[in-house]
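Read through the structures below before going on.
Below are two complexes that have chain A in common, paired first with chain B and then with chain C.
Now for the complex of A and B:
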């Protein structure tokens, strides 16, 4: 009797632990069963948070059994929070980001192929769906195509006699940029220093854009070959150092964050900023209106969208890609019906009405239905839109779209652990371009075996 | 005599420079909160504002759940102060004054956990709180991981080691139970140490950012530090309102510091006491 009791207890314990251990949620859930879809996103543009709230409320009215829990993350700390959740095996169902090989490497990115109907596929403009694929597999739906360039202050450029219209149409080389920079560096009316170019020291955009304009698509090319191990990266680093030594770029760059860079642009202390997107056109127009209305103080600024200069012997390239919602499952999989509900929410948040993101950011639409919905309502000046179109002709897509997921993860790790601290060292003058190029070469050889 | 005066003057000048360096960011925060956003966000802020305005404070309270965030911070910090004082003093007393098998080994094991960087335990802790216990977005999840810290246990052990053991023996002779000895004899004697522990725990909990940010998802559960971060966007930040929030967030700490200054000073030496 006693033995039977022990066996029963053991069986119950096994039952309880198995149930707790998960491994399968309710796979038998039906389309009408209650479900919750979590969405982690960012303030994509000024009014995105309030618009998203309205849209989610509307979705829940139409689908009363589905609760959509949204969380608005801050751009600075949000990625860290997501990384912890992903590594813990519990990412949100939808996350706003570009598709990344490291996500696929975790095995938690949701393959959307089964849910992509022909109607949806045909609605996307040519080349746009690919922006959310890794090696041909769809993991996300792009909300817009981003494009990174530099942004200029029209008044300062014109006062220095810079022919910005020609730069917009023909592009410019590093030598031409240095000539322009010498004219753009000086003092503002109140005696503060005015820099030709201001970038932030915390992110990698600057080195990525410049190296792309020196014949290197990324740390690796899309075939996985290590690129940052020869004279090209040394030239790029030396170019940056030269800009700092000449006083064209602030010596405080290591300590500047993206917000401070924008603030300097507003204060007329930066003739050009890196990076800029066409959205500045819309943002500055709104700011100029506020200045007219007396609610904001400062100088009105007219925005000039500029291509990133390229090395004299390398072709011009514009950094482009797609951002939107990426779908995930959790380690404790919630089942097929949940995945379907997740896709339904994702498609709703990426539909024709969601095209307002592209419109607000003055970026190209990704869906035909979005083009139709916003026809005649486009924001952004004609000059900026036309400059963006010119720059799109040299578009360089992220190598991660074609790169093997494990290699993409290694590249990301290399950037975080090797490139980031070395760029800080370059900006602060702790290391020379030669030392950094040598370190890239040796650490890259360890990381990629090349 | 002359050289002593010179030394004093140099010391005073250095201290003055240090004071200015410390005060400037606080002053900037204050004037930034009383200026228009565009002006306070410029690269070189005007230290003497042309016009003062309370608009940033109005925006801070009108556009955010600021009162709720302040309440959350107050609640979390208060609960953590109580739990840390209670558990750390009990554990500190046990390690300092009670002889039980393995006490040294347990103490060293506890201390060794302090050597593990927080980043290493972050993901397992997240898995425990979110995946296993399903506690995300609750006060319990914010409070539980730091309900008692090993650092505080160490601090209390050191402090209690300095208290006279003869009093405990006397109480035992008078047939006093262990908990009663702790409550009636030890705690009153340990008041200064407990006060230091309470203040430091409250300040640390009030200023904690990453864990509450990680574990909460709704605006209603944010603490003031997490709420303030929501002002930072990639291309535009309402600096005025952010500075107003930072001022409001720092105010309780300033009041606490100035009213309990002597305990803060005691805190500097408390860990150095050896029994």
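Now for the complex of A and C:
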């Protein structure tokens, strides 16, 4: 042994070490060459993981040269894992998310234009493909079109004499909401406070939805013009402050998180919550069944999907967006054939059968073939589906789809570093709406040069 | 007549061969950890240092000199995060050492079985995940009347407090959580050190009719100084890097009241994708830790005997 022995050991050690750095990917040169496509996704709805496994197995049977490696991420940890992989230059080929300018800015988002056949394009319903485009370039295929509204407790609304069906069809103004809120605020049967509206203090959804309903699509508009620097944002902030001062919204809002918001809704302490999707209909129906079966304790709740009220002199808008698979290449590009294979997997995972995502989430379909495949099988109550359809007519698409990546990134930073802390200060009463509006104006001027 | 026999010089190659024959295996074994250190510690640190002078992009970074450092120095949030981190450290480390010491001193007086019970009980939080502990504390700090801490205050006739939702109480809430958190490791270290103090010293003190306080001040405390110094240095390093509780409980809010430097680094890197700026912030944090650690050793190590 001696000399040769330890040299051999050294070679093995180096071999093992370098093997760790190997990509493990594959370079498919021709359509029949072996290739591996990686997919990172989330439990989009209850049965998604098992359905995805079945679909992937079927795809692999049809395309024996392509292996699809799927990884189910958790909603809490997944985004961070993806961000690290993306910024290390090694993202998965497909990732479930909305298309984001920061992804495009890395240079690794795959432009799908060459693969979009007329058949595919024509299958998408009007306005839906745009949900996965940045400045007109297709980077993903939407699986569903989400929309955010408010969620109401039918019992509380009806006890207060609120005509929720009329609100669903006609919408409501801030003045009308305040009138309703005065009737919805009080005490529950056990003496706990009951609020007209409960929101959380940790996210920006509330201010974003309200400002959208006061004529501002976002901090910036589609053309990149700064919006939150005039009376409209001051009005919106003042409206929120007024709701808190009147006791319609809890004074503890700054410290409430989305989980607590839901808990309060379940406990009957919230007549309305400030963020809901039509899927709550399905979710609450399942919870009601569990209550009947004795596996869950609490009051059964019938869900009412409501539009967000709009300022009296501004049009109603519904916050809308798309989520689905976004395609990526890696820093060490695996070649054109791999990109084609990636698109093939992507299209398969977004086809007619994949429309079950929209169906399960009680959301409008994005493809004609999906509408046909699930006709008559819709989940969710008729009233909720009808309300969602009404609200889709006022859809406001994310401005980030139109902005260039650098401006979209600036807007994101402005929201995190200026809007979020100021909203927390508004909720905790540490700043007045005037002070905040003034700060938005001055910091916005610094950030956007406007 | 004496004949001096000078040793024949060994050929150089043979010497090297013998060296490898005798020590080769030893170097091979230490090669593994050295390689791991180079690949997983030194290389990332060096890369991050280079990155701090760049605008990082996956497909090709741009050299921007000291721009990241100058941006950081003019950023209000960065200074707030430094301020919060220093307050958190000053408020937690000394108090934690006192709590740890007192608990260890009380446990040391107990019999073996009781000692084992308390050691195990107090060490338990050290093996629980930070996430679990934070979730429990979120329930304790629940801002509504039904929150655990607010219920307790209610019994005393005090109005509910929005613990994590107000600038005035949010950082204090995290400090309180830290005070009542894990002291297990420190207690075990103190107990081991206390057990190592020769009994003869206390016997001699008894003969001289020394009071309990004198025995503590002249024997126990001086001989525990190395442990205290160790806990002080590691405590300050850990406090400067406080992240999990901020991330899970306040996300730096409200209004940056709990944004610490470690959280700011995370936010800069993973929310804004500004890895160059985040690297610059990381090196300032590392520099701060080094300066504080050196100062501590300078200040306290002269009268510490190991």
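Here, the second predicted complex is superposed on the first by the 421 of 450 C-alpha atoms of A that agree within 3 Å, B and C clash if a C-alpha of one lies under 4 Å from a C-alpha of the other, contacts with A are read in each partner's own complex, and residues count from 1 in each chain.
As a convention for this text, a residue touches a chain if its C-beta (ideal position, glycine included) is under 8 Å from a C-beta of that chain, and two chains touch if they have at least 3 such contacts.
None of the values given here were measured: they were computed from a predicted structure.
Chemist: Clash or fit: how do chain B and chain C relate after the overlay on chain A?
Modeler: When both complexes are placed onto chain A, chain B and chain C end up clashing with one another.
Chemist: Scan A:88 for contacts with chain B and chain C and give back first, second, both or neither.
Modeler: A:88: touches chain B and chain C.
Chemist: Once the structures are superposed on A, label A:392 by its partner contacts, choosing first (chain B), second (chain C), both or neither.
Modeler: A:392 sits against neither chain B nor chain C.
Chemist: With both complexes superposed on chain A, which partner does A:331 reach: first (chain B), second (chain C), both or neither?
Modeler: Touch status of A:331: both partners.
Chemist: Touching A:422 in the superposition: chain B (first), chain C (second), both, neither?
Modeler: second
Chemist: Which partner chains sit in contact with A:297 here, chain B, chain C, both or neither? Use first/second/both/neither.
Modeler: first
Chemist: Identify the partner contact of A:260: answer first if only chain B is touched, second if only chain C is, both if each is, neither if none is.
Modeler: both
Chemist: Would you check which partner chain A:412 touches, where first means chain B only, second means chain C only, and both and neither mean what they say?
Modeler: second
Chemist: In the overlaid three-chain picture, which partner chain does A:251 touch, first (chain B) or second (chain C), both, or neither?
Modeler: In the superposed model, A:251 contacts chain C only, not chain B.
Chemist: Same chain A residues contacting chain B and chain C, which ones?
Modeler: 80, 84, 87-89, 192, 260, 331
Chemist: Report the residues of chain A in contact with chain B in the complex, numbered from low to high.
Modeler: 20, 38, 42-43, 46, 69, 71-72, 74-77, 80-81, 84-85, 87-90, 192, 258-260, 262-264, 266-267, 269, 279-280, 283, 296-298, 331-332
Chemist: Provide the residue numbers of chain C that touch chain A in the complex, in ascending order.
Modeler: Touch list, chain C to chain A: 17, 20-21, 24-25, 28, 31-32, 35, 39, 56-59, 77, 138, 141-146, 160, 162-167, 251, 253-256, 267, 270-273, 275.
Chemist: Can you check the complex and tell me which residues of chain A touch chain C?
Modeler: Checking each residue of chain A against chain C gives 2-3, 6, 9-10, 13, 17, 80, 83-84, 86-89, 102, 105-108, 192, 201-202, 250-257, 260, 331, 409, 412-413, 416-417, 420-422, 424-425, 427-428, 430-431.
Chemist: Quick one: which bits of chain B touch chain A in the complex? Just the residue numbers, please.
Modeler: Touch list, chain B to chain A: 36-39, 41-44, 122-123, 126-127, 130-132, 210, 213-214, 217-218, 229-230, 232-237.
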